[in-house]
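Here's the structure, in structure tokens; my notes come after.
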Amino acid sequence: MYLDFINLTTVSAALTIIGAVGIIALAKPLDKVIMFALLQGGFIGMIVAAKYLDVAMAAAIFDPISTVILLIAIIKINEVRKKNQESQEEGNLA
Amino acid sequence: MDIIILGQQLMGYIPLGDIVLYLAPVNLFMFASALAFTTLIAISRTETQVEAGVGTLKDQEVKVDKDEFKIRRFLAIVCGLATAGAMITGDLFNFTLFVCLIGIVNIGIVAAVKQIDVLDAAFQYGLVAMIAILPLFGGAAMILASTGTISLLEIAHIPTTFMMIFGSLLLFLGVAGETGVAPFYATKAEMFRTPGSPFLLIIHLSSLLVIIRVIEILLIINKPF
Amino acid sequence: MANILLNVLIAFLVGSVLFGLQRKIMARIQMRPGPPIIQHLLHTLKFFIKESTFPKTAAMPFYIAITAMLSVIWVAAIIVGPVTQGSLLLIFAIYAIHKIVEHNAGSSSGSPYGKLSCVRAVFSAAAEVPLFAVLIIIYFKAGTMNIAQIISYQAANGPLIYSIPLAAAMFFVLILSKAPYSPFAITKGKDIISGYETEHFGLLRGYLMMSESTAWYMLLWVFLTVFIGGLSPLWYLVGMLALSTIVGFINATTPILNPNHSIMTQVSFALIGIVGSLVLLLY
Amino acid sequence: MSRIGRFWNSLATPKKIPRFYSVILGVLLLVGFIMPLALNDQQLYPRPTPQLQIDENDPLAPYDRGGVPLKEPGIVKSQYPQFSEKSGMVTSYLSPIAIGVSNTTIYYGTSIYSSPGGLIDEILYYSRGFDTILESTILMMAFVVATWVALHFTMKRREEE
Amino acid sequence: MSASVLVPTVVSPIVVSLYVPAIFTGLIVGLIGLMAIAYQKDDLNALILTDIVGMGMLILVAAVGTDLAEALILPGLVVELAEILAISEILMSREMRKKGETAELIPLPTSMDMEVMTTAPTFLAIILIVYGAFLSGFTGGAVAGGGILFYIISRRMRGVPSDTWEGIAGVSGIAWCLWLVGFLVFFVFPQYWLLALFLAAFGVFIKVAFKAGLIGVIGREEFNKK
Amino acid sequence: MNETIYLLYILSFVLGSLLGLVLSYRKYKAPYAIGKIDIMALVLAVVGWFLVLNSILITFIPTYITITIGIFLLSMVLGMRPGYGRNETFIGIIVAGIIWIIRTVIL
Amino acid sequence: MLNIYIWFYTGVVLAILGSIGTAIGPGVKDPLVRALNTEIAAVGVSLIFLTYNHTIALVTYIAATTIITMILLRAIVRLEEVGAEL
């Protein structure tokens, strides 16, 4: 009878909360992006449970977009930081 | 609709669906003066600031260059119109939107300048303006929740509850932040150090007129009797 | 129409003479002979026959229009106040526009002194705006914004100055901040020459000074009307003389404050006044 | 006294203002927790219980407010019905595509009602149209400001060098 | 479907019972954001935190739970977006002026050979734009704008001619006017409400979509003045 | 109507001070006069203050005319150049005040 | 009906958790981490919208969040590039 509680809504709720905790707890940005996918997955699940499929579709399309934007930013920022560090070391050497 | 607001007979109203603009003497006066100043701004050129040069005996002229002049004049006119609108609107939410428009345009007017200090002040003012949208819309929403309407003409008949007082306090703080009045004035006064007096006028004009208007609105919402 | 003209003339003359009186009183307190009482009026008139010049750096139509604007708004204040006894809120709106004009008269010339005065005007507006709370307190007490109704309320229930003394004190601070040489007069402090008027010469200066006198008269008139009630013209005159004398005493004996301090003092006054008045009202 | 003076001076630094403002606002928000808060249930434009329409398999859920497109107005409870003559018509309107979609599936109500016509459009464009003017003007002004700054400074580096 | 199911006379009891928790959530979220800003020394972090404060506002408005509340969320959302856009630009401009223009020219990662970047953008952008056009209005504008933005940002092609830029900005200005006309038609000629509706819906759609798209162009940082 | 009369008073005050100022600059060259009393000014002051405070006593002229004249006269003394006309004004006020007190007490 | 409560309270938890995470979470000194953490609160707010059936607002919000994220990340990257000390 406890199995009754396992439906789309509760599973998605669990997913989102795991995702949220994961995003906060993991320090590395790339790990965060992975957990972010989990969070988004749970969120879309909930919208589906509410039977608004068009909203779920929009959310599903925007999900990868935000992920890609996040990835671009993370790659870029790592590059910038590496370069800054190098130039700083060069400065130290000089 | 024969309504008396704060002891003033309405001189007329402009219905735009649920949003009704009303014209009472005070509102009309402030509306007219906002428009008058806006016209003045539209036809004026800017002043040239003369400052003592460092290390020489010569004076240094600080001018507003042409690009900057155009954009700032445009924003100033928009700000003037928004102020004029905020004076006569009879709808709480409409008012908050006018105030937001004033806030963002004010930031824009000073953001076009080159001095770092002024830009810094503009940014800090922008931060306050952004924070202020919480009390601004939150207050309006709270008044909506407790009265079921956001038309000032209707709220004028509804007895005050604690929630309305709280909402109106939030609203007031929101307007204070969005237009930068005491004691959040420092950011604003810094912005006035840049040349371009006619455009700066509108910043000050909007904030003072909006404060008067928000006092009127607070009195409409909170009825002491 | 004639009535308006009459009141404007009275306001201008009385305001000028009161300013003169105030200077005289300050001078006497400071052991100087001081100028004749009529001096301020003569100054004002003198500017109308002086040559007008315009700075090359000024923001043009604006620089001139701003003086006209100042005159217009105070004439409007007289129409709202003594002539038609309209809404108090309107007078405060006019006061707000006065602040704006003051600020922009300063900045439109391009002079650094005017600019400083302008920055200070913005500062001080921040301090004077809380004093608008007086309005709210009056409304809470009298239940109306209409000057005529406030007068009749006072005729029935006694002057408001007894029931809301703190509001009266706050309003007095507002009046004080508009008086020349007052501790709060940072926009016209002598460290920035004549503040916003520095670069207005001749006719324009004349208009500015004329409007200032009118403004002073109107502020006193509002104070007397709102807190003491409808008086006969003679008693208005006596009240205005008394207020000007008190202001003169204060101005003669206090230094001008640093801008930040001036504002925060006023804000503190306002805070104490608002909280105190509300407590009194609820109590 | 001098400490007060210094405090007053510190309030004049722009950088402190947002912090100061947020502290004041925070204190005011704290007051909200002890206020008696309750939703007045007599609201304008009330909507059915959440999920009610979708559970009844209404193809237009959750925005179905009745009415026949172009013929009969939908049900709206606006503030001043006397000022909007065609009140309810926009609510009931469905564009031809929307009608097609609604006949196909029951899960696309949101899309149907955010294409031209529908309740939100009625509120946003008709009864509270002025709000939308401001809203999009705000967006436009923010955009004007941002692009001006961007074009004149943050992006235009190559030519200047 | 009875009329009471379609539109009840009062707000449903569930919404009323959820009001207090929702308001408290809004207040708590706002409070956390505000306190964090109060302790924050860093301007950029303060800017990010104002986003949280804005969310508090959205919750407060949403909690009313009527159609009107939903219509009021949209302006709030737009205001938040607009202000973040303007203020972040000012912050950047300030810092760059302070530092004296030492920034790199290329904003995107130099080595960005991800598979998604070559295949996904066109597809996603087309879906979003078509869907956005179907939705129309603000919602549609935001959706389609997001699509355009994503497309522009992930394309390799660099350099937007100044004319194109001004052209797009001009179109969105015209769309705005279109939409004002629509608004006027609603009240001046109520019998043409359908025309007004379409003017309004598509005017706003075009405007918002292009504006969002242009944000993407700013994001590409490259601007070639020809 | 009431206000017109007050305007009249104010105008006469202004004109009187103006005249007094001009005349006193003509008459006195030294910046100060300590202890000296100008008989002419004394007469003006006494008459002026008398007329203003006790206008009722002169029954054959409307009061506003007497007050206007009185204000004109007293303001001539009051408006003299700095350092002059002070003592005269005080004496005038005292004399007129005594008469006023006597009048109110007796009548 | 239970579903509504689950959505609502999950939304509440996410919004509060997200804002706490944004305010004082581990490593939030890095603006990138902070900006990422705001996404949690955004999802929380979305769920609250879903509870009240504000679906059109929800769609708009999802799109707007993406745009806001992009604006914020752009600012972060740009400032990092300039080497700004705020």
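Going in written order, the chains are labelled A, B, C, D, E, F and G, and every chain counts its residues from 1.
What we mean here is this: a residue touches a chain if its C-beta (ideal position, glycine included) is under 8 Å from a C-beta of that chain, and two chains touch if they have at least 3 such contacts.
Computed from a predicted model, the values in this text were never measured in an experiment.
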In contact with chain A and chain D alike are the chains E, G
Drop chain C, keep coords as is, and the touch graph gives A, B, D, E, G | F
Farthest chain relative to chain B (centres taken as mean CA coordinates): F
Report the most central chain, judged by the distance from each chain's C-alpha mean to the global C-alpha mean. B
What chain pair shows the greatest number of contacts? D-E
Could you pull out the chain whose C-alpha mean position is farthest off from that of chain G? F
The distance between the C-alpha centres of chain A and chain F, rounded to whole Å, is 90
Mean-CA-position distance for chain G and chain B (Å): 30
Using the average of all C-alpha atoms in each chain as its centre, how far is it in Å between chain C and chain E? 46
Give, as an integer number of Å, the spacing between the C-alpha centres of chain E and chain B. 23
When you check chain E against every other chain, which residues touch at least two of them? 14-15, 19, 23, 30, 33-35, 37, 43, 46-47, 53, 56, 63-65, 68-70, 72, 74-75, 78-86, 88-93, 96-98, 103-104, 107, 131, 135, 138-139, 143, 146, 150, 153, 186, 215, 218, 221
Could you list the positions in chain A whose residues touch two or more of the other chains? 50, 52, 54-55, 58, 62, 65, 69, 72, 76, 80
For chain C, what residues touch not just one other chain but two or more? 263-264
Taking the touch rule as given, give the residues of chain B at its contact with chain D in the complex, in rising order. 15-20, 67, 71, 74-75, 78, 82, 85, 89, 91, 93-94, 97-98, 100-101, 104-105, 107-108, 111-112, 120-121, 124-125, 127-128, 131-132, 134-135, 142, 144-149, 151, 154, 162-163, 166, 169-170, 173, 177, 183-184, 186-187, 189-190
Residues of chain D touching chain G in the complex: 47, 50-51, 62-63, 109-110, 113-114, 120, 154
For chain A, which residues are in contact with chain E within the complex? 57-58, 61-62, 64-65, 68-69, 71-72, 75-76, 79-80
Can you name the residues of chain B that touch chain E in the complex? 16-17, 93, 97, 100, 103-104, 107-108, 111, 114, 116, 119-120, 122-123, 126-127, 129-131, 133-134, 136-138, 140-142, 144-145
Chain G partner contacts - residues on chain E that touch it in the complex: 14-15, 18, 21-22, 25, 28-29, 32-33, 35-36, 42-45, 47-49, 51-52, 55-56, 58-59, 62-63, 65, 69-70, 73-74, 77-78, 80-81, 84-85, 88, 91-92, 95-96, 98-99, 102-104, 107, 135, 138-139, 142-143, 145-146, 149-150, 153, 212, 215-216, 218-219, 221
